[in-house]
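Both complexes shown next keep subunit A, but they swap its partner, so subunit B is in the first and subunit C is in the second.
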Partner chain A sequence: MALITENTRKEVTDIVYNFFADECEVDIKDIHSDTNIINDIDGDSLMFLELIEIFKKKYNLDIELKTIGKYSVKHPVQTIGQLIDMQLLIIEHENKLLEFDQ
Partner chain B sequence: MSQKKLAFVFPPFATDYPDDPFINLTGFDDCFRKFLSRAAEFADPELIQFAIPSCTFLDDELKTQYISYIQACSLVSWFREKEVVPAYCSGYSMGIYAALFQSEVISFLDGLVLIRQAYKEIKKITMKKEFGMCAIIGLNLDDLERLIRKEKLNLKLAIQNSVCSFSLSGAAEDILRLTESAQKEGALSTRVLNVSVPYHCDFLKDTAGGFSEFVNQIQFRSPKMPIVSLVDQELLLEEHLLKNEVVRNLFTSLNWYETQLYLQELGVNRFVECGSGKGIVKNARFIEGDAVFYMANSFPVLLDAK
Partner chain C sequence: MLKNIGIIGEGKMGTNLLYYLLDMDFNLTWICSPEADLEKLRRNFSKRLGRSLEAGIIDEDRFQSILERIKISNALEDVASCELIIEAITEDLEAKQELFRLLDTIALPGCIFTSNSSSINPSILVPSENRKEKFAGLHFFYPIALKDIVEVILTQETSKETLAQITSFMESIHRRFLLLEEKDSFILNRIFLHFQNEAFLLVNEKKASLQQIDRIVRERFFPTGVFEFFDSVGLDIMLVSVQNYSKDDPAEERFHPLIAQLQELVSKGRLGAKTKGGFYGEDISVDPGYPENDGEIIAKLQESYAHAFRWFCHSSGIPSAELKTAMDEYFGAETPIVI
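== the complex of A and B ==
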C-alpha cells in the first residue's frame, strides 16, 4: 500500500491536466477540478484507459483493469477532480481497491 | 536515422460527425463535392444533399457507407495532389473499398457498386432477425469468452482493436445482455453500436457465394502499393487475393491490433486515418513504439512535416 504524499497528488494532478490538454486539444488553463471530462472537453473511455496505463507504468502498479471497472460502476467518474481522486486511490490500494471500498 | 514510412488506414463507416474534421483542409471541399456529385449521379441522387453539420443519412447504413467511402476517396485524391503517397495501406471493415481505390485496384465507381452489392447480400441474410454489434473496453478476450459461455449468448468476436478493446456481433438481444454482464464484470466502457448488421463474423457466412460471384465480375488491377489484410495481416499483392479479401472481410473477424503491429514491423512509423473520425487513431495509443498518428484535423501538420 503506497503512501500518498502532497508530492504524489501534485504529480498525478500535473499528469492528468497535461494529458487531457494534449489529448483533447484544449488550453490547460481551461481545465479545472470540476471540468466534466465528456461534456466539457470531449474526453472518452479510451483516454481513461490510456491514463490508467500511464500510471500503471509510472508507479509500477499491480491492478487489473476490471478491478477499476468494478470500482467505477459504484463510483462513476465525471470530472477531472474525481478522476484524480480515483487515480490516487488506485496508486494507494492497487488490486485491493475493492476491499478498501467495502 | 530510420526512413519514415507512411501507411494510410481507411476507417469503417461513420457513426457520427461531431464537427467538420475537414474544415481546415484547403481544397478538400471542392474535391469532395466532385466525388459526391459523381456518386449521386451513379448510385443515389439523394447523396448530393449530404452535409456534415446536419449529420445527413446517419440513420441509413447504406448511404452512410457511401459517404464514408466518398470522403475516403476524396482524401486519397487530395493527398495525391500534394504528392503524399503511402508505402502501405489497409482498410478497416468497409474501409477495404477505399484501400482498393487508393492502390488503384478498382475505380471509384466500382467501389460504389461493391458497397451496394455487399449491402444487398447482407440484407438478404439479416432481414429475418434483429442483429447488432457492441464495443467493449477494459476486459480481455478470455473474460469476454467466459461471459458469453456463462450467459449462453450467441455472439462472435468481430474486431480486436487492442488487448482490451473488442467489438462483438450477434443477435440484438444478446448484444444487450453482454453489455450488461460486461459492465458488472468490470468493463470500463460498453457501447451498443448504431448498426443492424452482425459484421465480421460467420453470421454473414452465407454472403460468400453470391458476393464472390459478383466480385469476380468486377475488374481488379494489380495494386500500386501493398494492402495489408486486417483478417490475417498478409500483404495482398495479387488480384485474386484482393477479391478473396473483399469477400471474406464481411464474415471473418478482423484484428486491427495485430495489423498495426505488423505495419510497424514493416517500418511504418506514421499512420494516417483517412476518414472523418478518429477511432483508429484513438485505439492506436495502446501500441508500444514511437509511431505518429494523424487524423483529419492534423493533416496540415503531416503536410508540414513532409
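== the complex of A and C ==
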C-alpha cells in the first residue's frame, strides 16, 4: 500500500490535466476539478483506460483492469476531480481496491 | 491464423476495436466514413501512440511496428487484402446492407465478413450467395478491455471453417465468447430487456416511481438503474434496439407500452443524457417512491429476471453458470444467481 503525499497528488493532477488538455484539444486553463469529462470536454471512457495504463507504468502498479472496472461501476467518475481521486486510490490500494471499498 | 483485419467505422465501438486490437500483432486497416475528419483521427492516433511511447508503455521498436501495421483511410478499397472485416458503423440496416454490398465487390473471396451490430441479425446483411458461409455477427461490448465477453452469432449458413477461424481469432484476442444461433442472438441485452420492460411496466402502471425502481435495482440487482441505463445509452438507440429485440419475442405485445413511451420521448427530442433529458430531466422532480411496497417490487423484478434468464438458458442450451458469467462481464459486476 503506497503512501499518498502532496507531491503524488500534484504529480497525478498535472498528468491528468495535461492529458485531457492534449487529448480533448482544450486549453488547460479551462480544465478544473469540477469539469465534467463527457459533457464539458467531450472525453470518454477510453481516455480513462489509457490514463490507467499510463499510471500503471509510471507507478509500477499491480492492478487488473477488471478490478478498476468493478470499482468504477459502483463509483462512476464524472468529473476531473473524481478521476484524480480514483487514480490516487488505485495508486494507494492497487489490487486491494475492492477490499478497501468494503 | 487471421492476420489482416479491417475495421469499419470511427464511432465509439470502431475506435475501441482499433485500440484494443492494436496491442496484438495484426495488420489493421481502419476505414472511416467519407464525412470523417481523417486528419483529426490520424492526429489523435499519433498523439495517443506518442503518449504511450513517452510514458514507457511501449518502446521505440513497438512504436515503429505499430505505425507499420496500421492504415487509417476512408477508401473502402483499402480492405482488399483483409482476411477478416469487422463492421462497426451506425445501427442502420440499409447503411449496413449497402456497405456489405460494396465490400462484396472489393474483398478477397475468402474474407470473413462480420458485423458488430447490437440488434441486427447477420443473415439480413449477407450481400450475396458467395459470402453466406463466410458471415457472422461479432457483438463486442464497450469498453472491450473491461468486458471480457463477445457474442458470436452464427447464421444457418455460417460454415464450420469460418467458425473455426472466428474461434481462433477470439482466442488470439483473449476474449471469452458465447456461440449463439440467430434465434438467441444478443441474448445478454435481451435478458436485461425483459427485466427493463418489467420495470417500465411497474412505473407505467403507477405501482412504483422510476426513482424507486432505479434505487431498488442498484441496491438489489445491477450496478445501474433501469432508467439511468436508458438515458445513458440514448433513447433513440434504445428505441431501435427494443423494436428489433421484441419483434420476434413470444411476448412481443408486452413491449408495446415501452416502445410507445420511447417513441414519445424521442419525438420530443428527449434522447437521454446527450440532450440532458430523457426519462430523467430537469423538469422531473425527485420522487421518493413508495418504500412500503419495496418488497412487492423486488419480488416482481426478481421473477421477471429469473424467468427471462431460464427461458434463454433453455432456448440457447448455454449452461446457466456460463450465462451468469457472461452477464457478470456484461455488467462488470456480480449479477443475481438464478436457480
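The definition used in the following text is that the second predicted complex is superposed on the first by the 102 of 102 C-alpha atoms of A that agree within 3 Å, B and C clash if a C-alpha of one lies under 4 Å from a C-alpha of the other, contacts with A are read in each partner's own complex, and residues count from 1 in each chain.
Going forward, contacts are C-beta pairs under 8 Å (C-beta built on N, C-alpha and C of every residue); 3 or more make two chains touch, one makes a residue touch a chain.
Please read these numbers as outputs of a predicted model, since none were measured by experiment.
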item: Combined model on subunit A: subunit C and subunit B, fit or clash; value: clash
item: Partner chain in contact with A:67 - subunit B first, subunit C second, else both or neither; value: first
item: Touching partner for A:49 - first (subunit B), second (subunit C), both, neither; value: both
item: First, second, both or neither for A:19, with subunit B first and subunit C second; value: second
item: Shared subunit A surface residues [contacts with subunit B and with subunit C]; value: 44-46, 49-50, 53, 65-66, 68-70, 72-73
item: Complex interface listing, subunit A residues touching subunit B; value: 42, 44-46, 48-50, 53, 64-70, 72-73
item: Interface residues, subunit B side, partner subunit A - complex; value: 18, 137-139, 143, 164-165, 183-189, 282-283, 285-286
item: Subunit A residues touching subunit C - in the complex, by the definition given at the top; value: 19, 22-23, 38, 44-46, 49-50, 53-54, 57-58, 65-66, 68-70, 72-74
item: Complex contact set, residues of subunit C against subunit A; value: 12, 15-16, 19, 44, 47-48, 51-52, 55-57, 142-143, 145-146, 148, 223-224, 273, 331-333
